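Beneath this line is the structure, given in structure tokens, with notes to follow.
Chain naming follows the written order as A, B, C and D, and within any one chain the residues start at number 1.
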Amino acid sequence: MGKMKVGIIGAGRIGKVHSQSIMNHIPEVEIKTISDVYIDVAKEWAKKMDIKEATSDYKEILNDPEIDAVLICSSTDTHAQISVEAAQAGKHIFCEKPVDLSVEKVEAVLEAVKEAGVKFQVGFNRRFDHNFRKVKEIIDTGKVGDLHIVKITSRDPAPPPAEYVKVSGGMFLDMTIHDFDMARFLIGSEVEQVFVSAAVRVDPAIGEAGDVDTAVINLKFTDGTICVIDNSRKAAYGYDQRVEVFGSKGKVEVANDTPSTAMLSTEEGVFSDKPKYFFLERYMDSFVDEMKDFMDAVLNDKPVPVTGIDGLKPVLIGVAAKKSVEEGRTIKL
Amino acid sequence: MGKMKVGIIGAGRIGKVHSQSIMNHIPEVEIKTISDVYIDVAKEWAKKMDIKEATSDYKEILNDPEIDAVLICSSTDTHAQISVEAAQAGKHIFCEKPVDLSVEKVEAVLEAVKEAGVKFQVGFNRRFDHNFRKVKEIIDTGKVGDLHIVKITSRDPAPPPAEYVKVSGGMFLDMTIHDFDMARFLIGSEVEQVFVSAAVRVDPAIGEAGDVDTAVINLKFTDGTICVIDNSRKAAYGYDQRVEVFGSKGKVEVANDTPSTAMLSTEEGVFSDKPKYFFLERYMDSFVDEMKDFMDAVLNDKPVPVTGIDGLKPVLIGVAAKKSVEEGRTIKL
Amino acid sequence: MGKMKVGIIGAGRIGKVHSQSIMNHIPEVEIKTISDVYIDVAKEWAKKMDIKEATSDYKEILNDPEIDAVLICSSTDTHAQISVEAAQAGKHIFCEKPVDLSVEKVEAVLEAVKEAGVKFQVGFNRRFDHNFRKVKEIIDTGKVGDLHIVKITSRDPAPPPAEYVKVSGGMFLDMTIHDFDMARFLIGSEVEQVFVSAAVRVDPAIGEAGDVDTAVINLKFTDGTICVIDNSRKAAYGYDQRVEVFGSKGKVEVANDTPSTAMLSTEEGVFSDKPKYFFLERYMDSFVDEMKDFMDAVLNDKPVPVTGIDGLKPVLIGVAAKKSVEEGRTIKL
Amino acid sequence: MGKMKVGIIGAGRIGKVHSQSIMNHIPEVEIKTISDVYIDVAKEWAKKMDIKEATSDYKEILNDPEIDAVLICSSTDTHAQISVEAAQAGKHIFCEKPVDLSVEKVEAVLEAVKEAGVKFQVGFNRRFDHNFRKVKEIIDTGKVGDLHIVKITSRDPAPPPAEYVKVSGGMFLDMTIHDFDMARFLIGSEVEQVFVSAAVRVDPAIGEAGDVDTAVINLKFTDGTICVIDNSRKAAYGYDQRVEVFGSKGKVEVANDTPSTAMLSTEEGVFSDKPKYFFLERYMDSFVDEMKDFMDAVLNDKPVPVTGIDGLKPVLIGVAAKKSVEEGRTIKL
């Protein structure tokens, strides 16, 4: 019997990452086709990776009866539309985050997926990171007790260009959305209230584009846990990705990963490595693991580890966060 | 010429700490008299420490022309009254925190001190802690750049009895007040807005006493810095006292002190020490250093390192924090 | 133009590791044939990995004119013989460590390689480990100054079976040989004197097999650096792989890698991860990187990063170490 | 009843340290007299510390019937002679290390002490250090199992002047003697064999003075433990004082103490504190604790924690170490 065939829609950075994960680590799966609106990009990558077919039209993938599952790695504004079409075509779907910036559109996707009875996994890869997964495991052992306070630090090494900011949906839907997912993943409960302190401190151009670049977000969960996320679009020392979970029996926390453990001591002081530079360096293994889990869910008809609801909820929280900044008050969900 | 003579009002735990600091580390100063409403306590301590006189009436100290300075270490509700009287008696004053739970009374003290022209230092000892002082020094070098986000973690190892909670003025004025001072000390600016998420998670008796035991406090400073403090009345692993300061050029953070650096690796894992147990273990050196600075200010007519305004501001913030919890909204100062 | 074709001799654990490195990370190279004395092992792996041919006779690889390079991953006692034949067949060679336990045989290999003018790289993969490479880079910047003392800790998580010990050539040639290479790599000088303190502390069966399982090895280098290696066949907490380099201007040291950075604090203490379990977990990336460098040397006619001399010298040191234990004295090289 | 009275012989650095420990921390003891060959030094210190009497003749202390115990803090070459006289005068003795550089003289002291039936404690203060004491405690719980390898790192921040080196007895008796004691303390067994690799790498003047400044010392203990000590007279980054104990069930290790836990992360990297500068900074608390234990032993007739034998053995090891360097071979004890 042959390998399961999949198609990748979008040959940008993340589409490339997923195609490498599949080729190097998932021998049961074959990437048959890759599509991109820029046909040259698709062709070049297909050639390099020995992918049979390249196309500029993702519908060729959806219409291919040999293909069982699709990875939607195109631009954010196309995720919802393609997801709906893919569900209708009976394909299992791995969709990059965010599913959409509009709550209604995400809901439409979930509806279509439900009707079609296909698998639908959202690309919240950080759940698969070795550090955060370990935190979750420790919480699940009960060693931290009931959760009281969860702190998430999430800072990028460099701000995106203002052009990107304008179409990004704003920091909360573009960047914090990962942290909202992390909070839900770790706490295992839902947000009922959001309060945000935000500012433009990194780059005035971001402010001119109508967004913020620095924020502290307070979330109150239905189980009583208080969560606080702090974000910055620019940490001079690199990608800062940490969590600390405090509960009735203790706390668990994770530090950043570093390129090496080397520590140099001289007359001037003690020097060690900065965090791994950005998400490709830090999270590469998690991209592989989320893909393995998705393929396992499809091949063996298991539940996906990150569901459509997991795709929807962070959008709701992100929208509330935005409103909290605009209105300067607490928003209930 | 003889030593400068001082009196200590209150022979409880903190009064004893200060008397030891003076006897062991400040040879230029002699404790002439110690007072306590429980005369036996005062007498016993005086005997043990070779302090000449013990009394149940602090006014004997205020009326003693040989005494130049007093340490007010009595119960919180007496701080303001004694401070005013001491100022009127022309004594230099070291007053334990908080000066009072009422803003008006604190203001009355500042007025009396100003009129008398005496030194007045408030006992925010954490400013003198080796870790926090180092953070401040690094901020002052400019290596962190403009401050964007300041995070303060402050958790006690065990909650106080409900009896104490009832008269404590509430967690924000009793415990967080140190953190408000730390925030002002590190940021060097004033709070303009307070938002608090709080809950009773540690002990229902604290809730019944009308207080909270778990909180995340957001402060917005006039210079644009966002500060977030997280508090718990009970950290199972001990006294958790950390700060992290994030700015345009980097971050500086401090970890807890531990009894030893020992690390044991076995088949079961890697084990290391919990933080030093509580404030006497963690902050002993800082008590010595604040006392040295106070005596230096008095002996050499220098400015005190923690002023009356530094005593007042945290009370204002604490009152606002309480109001934020009660009204579920942001409070402007 | 097609890919460069290589053959792998030996389909055991390390042969499999190298074949995965090539297939997943070196698209310019194709594994044409894999051989193993157990033909079923070779066939099964070939099938799983899409390797065209499997054989029980490595000579088919040596005689294949399409094949440019071979990886010698068979049992240690065959390395030298196959290396000589491969050189005579004009193949570039990557040979696992140790090249041989006999100095004469290693020298014969080097001679054959020299005559044939082929590339010859020895599998000292630890040079490619992210931590040790970083140590080397820091030494090369001059920040440590002249080297005075180098300390290498190398402890296995579990002892090999006594059966293996009997044919292993002894701990110094089987296990410490990696540390001898590390010492030469970091110090960049040659050993002139060896002194060993050794004992049987882990397993009496190892002693009965004529070997030791615990040792501290002192090496004096021609440049004056003193190196001390400590070995154990069994560290209860896992694979312990560290170095510390101390010089006139400072020191650089590396800690073990861990599965995660999670730290759990409870009433009982602070718990963190043990080191990654063994060499496959710890050194996987280094196996990839040594293979990349070998292929790059062959494809682009560059010098190999670990030479035949690098294969010979540690054998000489290992033989001296053995002698030092037997005679209870310092051995000069 | 009055306080126990003691005399301090030698008002140099360590005599001052001990007098402060007593005055600030041991209220049961009074320093009646301090002596120093430089009478002005003794007088000045006596005045500053409110010590009743100062003298240039230590015999006044020995002849004073009110004095129960003496601290011998004079120059090393006088320790043995004064110890014998003090024993004969019936005084309990705390003697700084080393007791003497000559084995015979140390033995004579032990003999005199035994005859007089007085307490005799040697100033190996590091046993009282919080880190090393914790290591010992963990060993004693059995969690490390049988000891296999013990590693001690002991490096000074700056070399002594060559003048001092000439009269110091050499690095092994002057500096390593502390490490020999630490090894015996932790392992709880005796050295049977010594091998040293040593060199002059820090300062040629030290070589010209007939000493070494860099060494790796191997000790074999009667219980089978192998111990390796590494010394340098100059670590550019400061005082480096660590141990690692490896056994059948795990390892325990301690890091250096630092002035603060502050960690600064910037674009350039992550910076943290160097170790505490030198022994006064690092070991101050241990000096207090050894003094408390000595006074407790005298006052309550308990055994001293560091005995005369503990004073003798390291001298024997040090002499053997010297011989090992001179003869380039292993020395048996």
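Here is the rule we use: contacts are C-beta pairs under 8 Å (C-beta built on N, C-alpha and C of every residue); 3 or more make two chains touch, one makes a residue touch a chain.
It should be emphasised that the depicted structure is a prediction, and the values quoted were computed from it without experimental measurement.
K.L.:
Sort out for me whether A-D or B-D is joined by the greater number of C-beta contact pairs.
P.N.:
It is B-D, judged by the count of C-beta pairs in contact.
K.L.:
Based on CA centres, what chain would you say lies at the far end from chain B?
P.N.:
If we average the C-alpha coordinates per chain, C ends up farthest from chain B.
K.L.:
So, what's the distance in Å between the C-alpha centres of chain D and chain A?
P.N.:
58
K.L.:
Where the centres are mean C-alpha positions, what is the separation of chain A from chain B, in Å?
P.N.:
Distance between chain centres, rounded to whole Å: 43 Å.
K.L.:
Once you find the CA centre of chain B and the CA centre of chain D, what distance in Å lies between them?
P.N.:
That gives a centre separation of 39 Å.
K.L.:
Could you say which residues in chain A touch two or more other chains, in rising order?
P.N.:
235-237, 249-251, 265-267, 273
K.L.:
Would you mind writing out the residues of chain C in touch with chain D in their complex?
P.N.:
Residue list for chain C touching chain D: 145-146, 148-149, 151, 155, 195, 197, 199, 201-202, 214-216, 218, 220, 224, 226, 228, 230, 232, 234-237, 240, 246, 248-251, 328-330.
K.L.:
Which positions of chain A touch chain C when the two form their complex?
P.N.:
23-25, 27, 48, 130-131, 133-135, 138, 143-144, 249-257, 259-267, 273
K.L.:
Quick check on the complex: what are the chain C residues that touch chain B?
P.N.:
Going through chain C, the ones touching chain B are 235-237, 265-267, 269-274.
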